[in-house]
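Next come two complexes built around chain A: one with chain B, the other with chain C.
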Partner chain A sequence: MTGTVTALPSLNRDAVEALSARFGEPEWLLKRRLEAWRLFEEAPMPDPLSEEWRRTDVSNMSLDGLAPFAPPRKAIESVAGLPAELAVFLDENEDLAGRIVQHDSDVVYETLDQDLAAKDVIVTSLQSAAREHEEIVRDSLFTAVTPAEWKYLGLHGALWSGGCLVYVPKGVEVELPIEYVAGLTAERTGIFPHLLIVAEANSSVTVIQEEISPEITGLVAGAVEVIAREGSNVRFIDVQRLGKQVQNFTTMRVLLSKDASFQGILLGLGGELTKTRLDVRMDGEGSETELLGLVFGDGDQHFAYDTRQDHVAPRTESDLLFKSVLDDSASFIWNGVVEVRRGATESAANQTNRNLLLSDKASASPTPILEISAYDVARCSHGATVGPVDDELIFYLQSRGIPADEAQEMLVDGFFAEVLERVPSERVQDRVRAVLDTKLGR
Partner chain B sequence: MNNNGGSMASNNETLFRVEHLHVSVENTEILKGVDLVVNRGEVHALMGPNGSGKSTLANSIMGHPRYKVTQGKVLFNGNDVLPLTPDKRAQLGLFLAFQYPVGIPGVVMGNFMRAALKARRGEDVPVREFRKLLDETLDLLKMDPSFVRRYVNEGFSGGEKKRAEVLQMAMLKPEMAVLDETDSGLDIDALKIVAEGINALRGPDLGVLVITHYQRILDYITPDKVHVLFDGRIVKSGGPELVHELEERGYDWITNPEASGAGPEAVAAGKENA
Partner chain C sequence: MGTKIEDVTKDSGYKFGWNDPDFKAVNEPVKGLSKDVVLGISELKDEPAWMRDFRLKAYNHWLERPMPTGFWGGNIQNYDLDFDDIYYYVKPVAEQGKTWDDVPAEIKRTFDKLGIPEAERKFLSGVEAQYDSEVVYHNIREDLKKQGVIFMDTDSALREHPDLFREYFGTIIPPNDNKFASLNSAVWSGGSFIYVPKGVKVEMPLQAYFRINTENMGQFERTLIIADEGSDIHYVEGCTAPTYSSDSLHSAVVEIIVKKGAHVRYTTIQNWSDNVFNLVTKRMAVYGEAVGEWVDGNLGSKLTMKYPSTYLLEPGAHGEILSLAMAGPGQHQDAGGKCIHAAPYTTSVINSKSVSKGSGRTSYRGQLKVYPGAKGVKATVRCDALLLDEESRSDTYPLMDIDEQHVTIGHEASVSKLGEDQLFYLMSRGMDEAEAAKMIVNGFVEPIVKELPMEYAVELNRLIELQMEGSVG
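Up next, the complex of A and B:
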């Protein structure tokens, strides 16, 4: 593509080549991108009648006029150097082990604790990792999530940029969280953040992903891949605070080896249309998964979550707890599958979804699904509820002098507390609380 | 403070007055004209068989939205509180100890109490003062300090729930407290603790309406006046001796005088009070 400097690039195959050239990528990577582009072109748009999509309005999922990437953004010295519309979301003094900040299509800031760097921990943009840590990226990128899965992942495979690689060598424990920020400020533009976490045996790490934008239109189609090797412990927190006209499609997949454990916490607050898939495949015996979700929707926000707790190996355990609070005409969909394969004997799984409706027009439709092929399962349970705030609870609080609106706030906080208290790190808890307070206008 | 809660001198100042109160629930009239006056410093007992409307009266006084007042007034310090939302009534100093306190998941007792106290006082309560008050009150009710970290009424035993109600009353220092079957579901030890707690709060400024089905709690809290509610009306009022009469004779002689052989004057006397 040669186009003029000022014109927005168009969404086509030339854009893929232009992007690859802009980052000076190795040939193998360009090849993968073009293959993904082919898959994107071949794939149909989602079928509105399919189980996965029928409760989501796909009619305004359009890529027309969408720029495939933004003009290059300059590197910054600190988070304060970001445009105010992004900086407002971030704390410059956050106690972190490392931080990668992506502004539109470019990673503009990278930092990593010296001691961790000395222990060969890698926290860098995926873009530079493709050159500097080629082997890791080549072996792991798109092994958990693949561009063939659906149309937007094809697009993601062709156009991902910036990105973040977190690599923790064998036996290394990273105490403080590592943060990956993906911020969008370019109008009518798509960004395709990609987070790749590789935790080697007996390592441990916490990664926070922040997806942020001001009130603009645009698309964030991301992917998160977690490869947790034997005995490793990965905690992942996704905070989605995009503007209310941004569409957000993210596929997250976690592969767990023997005795590995994963805790995922998804915080859905922003976006116009959010469609998130989170799958955990427990390939290794004795691996464990805990999935927590907190969604607060208002206006006409739509949140759709597909989760899969895939028990492949024996004695694997998983537990899911998703809670949503929905105001105005916000809607929430959850399709949660627990799959216990034949070999996954003595495994245990639970899934719970609770939804609190603050308005008559708000809605939630949870669908828990159990697919069990193993003969001897230790425990398998699921439950889902949808309902308004209980008047009796409001009356009780009011009878103690607490005004109705404050009472409702207390009940919403209380509703989320059950999830929050399962977050072991107080630092992370505080952070999630602060994000919720902001959303609740406090 | 008088341990047995014996009759506390009333200063004859009308604190609380229910006037000809009619209340319906889902278009069925439950209260059919209740009149009741509680002076400052007095403890009244409201007794009556199941279904007579005792809880309806308690909930209506506090403003539960399910109970529709179709006629009458509830005057507190001379002002009709019926137009007020429940929180406003509570802020003025009305208190209801619930028969069935609801569990509030995720809301921690301590935070809840602080919010309630702030609302009652109309200003923030300094942490130190709050803690001190809380500790003293827990002590009074023989409650474990860990209690304040638990979720409100969640997983509480029957006794714990009722104690928590009295704890709230003690902290919020209402002027008029309605205790709706605070004795039900308590074993004798828990009942004594709850009664002691209530007695400790008695004083010249507080009015109390103890609603109960049984006389049991009234062995520990001696009322100044006793009323019998039946079929939505107060059919008899008297002094503390009425409790023992009810204990011996049951409710039938009041509620069904012909069958029990009581004279028509008993009914007439009841009507006069209604």
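Up next, the complex of A and C:
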């Protein structure tokens, strides 16, 4: 067999069956995958004329020649066992309650604190959970997001692999964060990480998701589902540090029951084209949402975020703060919807978006949308700004003896601090600062 | 034609819902739109060939273009507006009146009831009245005429000032701009044509009054305003229609050129009856150091889709949009505005206030665009919405496309209900709830109303009070 090159698997229905067979999946799961594949095939590619896509260059969103999965990767003993190009992103010894590491299409590393395991907390790959915790997966997987939503989610539904299930039983509070890493090293390959968080009543958990890759071409099309039951408290941090030629599509949906609270922090740093949908549905009375976003784009990176704060039940509250700094010819789009449905009385919502342009060619297009059908709203408001670093502030700092470029950096740091300081993990703060430093050339 | 409107309007509080059953059109109006209808209008008006061709081209655009869906608009498809059930041209008089006495009695009665000649004597520089498809009366003060100010209906301008007309007509809003601009371009009739020469400042407003009388009428007036360098003009339009059981359509196109250092203010008090679809395209081109302002009040109609735009084309141009919308039961006011910054050091302000009541829905839809290289742009958008009860709805859709670094852009919006604390306070001072609510709403819209000429401010406050009747308690 020497001299033969293994052809990449093609993106077709057979690939879906092959993937399912590779993981020895139950019949119901294969059926769901094939149904998702059908939806994927039926769904049109995004319409470049539609409001949602008109400022995103969809012409280079091609699936041609893309491998639907990578060859199997072997399990490792510790993160040090990862290839260097991924290991460089991670530390081995960290204060974590549990960790799942996915390399390409396989989860290669799983760990969970023994005490938590004893309390029936589940942190495992979704792939193995489909067998070992079949009921939870069958009842919850694709209940928050559905493959019918749009083309790339159809593809995700057909081809997800690895994945991570975080299940926290009633009343259990997980102190330390749980981390799910999805790393891509296979060239011209798509990976489809899936994070499913189920927080039972009055439980509490923090989950960090990391998407990482070296400078290769590829696709990461993930999904995040959060089901937070009555009185539970879920914090979620997403750190996207993919290579600058990777396309990244992620759909996230959070369902909140009565008095549940959710804090979501999205940190967008890498990728060529990043399109993230984040939708929080406050189904339960008194539920609360805080969404924070921080984006630093340079080169010709493009970031597009669609957020929805969906107030279904009375006395629900949400607050969103998204900040972007854009250098070179980077572009940023944010479409943020606050919907207050009829009956969601005494609810309050706010959206704030601030954009700092560091270059002439950078651009920002924020669209904050309010759709208010409930009369008795406590308050709904939004604000958005776009502009350069304030000349007067630079001048002030210069007058104190700080050179202009340094003054600008200080102001950029200050701009980010408002979001970064609210990230409840110093480790994540440090990692983000390191990327920002690189981008700022220091 | 001739539904007993008194019966229909009895409870609605809409003061202008009567029609004139004695009115007979001088042409034989036909329903529906076809190439023949378009050609017929052009022939009846004895137009030059270029205008006939312009209409035909526009008609083809109308046929080709799909109905607007999605982001821009109030989703016209959700309504059962039947374009084949509309009269596209109804000629009210054989000849336009030069003096008020020339206007036929039954039409005069309408405008007398609306207070038009009175208003002209009191505080206007000129007035024009359009009844269905044609302008039936028009007058301008002699001294302005002497200074070279042109104010006439658009059809007459095509005949009397063909060169000036052709230089600007259709240049700001081309016939293929959008579906309804195509429709207007194909069947336009009436509207105002204004030219203000260099340096001439018209102190008192020019006014046009638009009235639909015929049931299932489509009114497609076309307005073109050219303010030459350093001139100043304020144009005011008002619109009313009878309340019928079936729908009418109003689809105007308004093009305005504000040359260097000039100032144009365009004020609309739209009070169509709530069976009128109001689908209007309005746009201003504003040049160096000039100021273009829209004051846009929307109180009537079933569905309004109107986003007056200012294109700021040279340094120092300033645009301002004040938008006021009130939506009562069954109404959807989809209004807002656009400011397009295509030159450096241009500035704009959009200020929108909307009030929703009953099953009424107000939507602010706006666009702020800054082209690359448009340094030093400053723009702010401020939207406030007030909800009066549980059935009402309010949306805010502000688009921002910023392709330039050295700009200062801000947007803010809020939605709130009638404040219980405010109500309580006013009631503790002896006001009943309805009075208190009226006062709060008046205070809410005050920043916009105060920009109107006094007579209009009074009228608007009265209209708001009518809308507010029975809204609380």
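Assume the second predicted complex is superposed on the first by the 415 of 442 C-alpha atoms of A that agree within 3 Å, B and C clash if a C-alpha of one lies under 4 Å from a C-alpha of the other, contacts with A are read in each partner's own complex, and residues count from 1 in each chain.
Here, contacts are C-beta pairs under 8 Å (C-beta built on N, C-alpha and C of every residue); 3 or more make two chains touch, one makes a residue touch a chain.
Since the structure is predicted, the reported quantities are computational estimates derived from the model, not experimental observations.
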Simultaneous placement of chain C and chain B on chain A, clash or fit: fit
Which of chain B and chain C A:284 touches, first, second, both or neither: neither
First (chain B), second (chain C), both or neither touched by A:393: first
Touching partner for A:410 - first (chain B), second (chain C), both, neither: first
Per-residue touch tally on chain A - higher for chain B or for chain C: C
Which superposed partner A:218 touches (first chain B, second chain C, both, neither): neither
Where the C-alpha centre of chain A sits as vertex, the angle toward chain B and chain C in the overlay (nearest 10 degrees): 70
First, second, both or neither for A:293, with chain B first and chain C second: neither
First, second, both or neither for A:162, with chain B first and chain C second: neither
After superposition on chain A, the shortest CA separation from chain B to chain C (Å): 13
Common ground on chain A, meaning residues reached by chain C in one complex and by chain B in the other: none
Chain B-facing residues of chain A, complex: 390-393, 395-404, 406-407, 410-411, 413-418
Touching residues (chain side chain C, partner chain A) in the complex: 70-71, 372, 385, 387-417
Residue numbers on chain A that touch chain C, as the complex places them: 50-51, 55, 342, 355, 357-377, 379-388
Complex interface listing, chain B residues touching chain A: 62-66, 85-87, 89-91, 95-96, 98, 101-102, 104-108, 111-112, 115-116, 119-120, 151, 168, 172
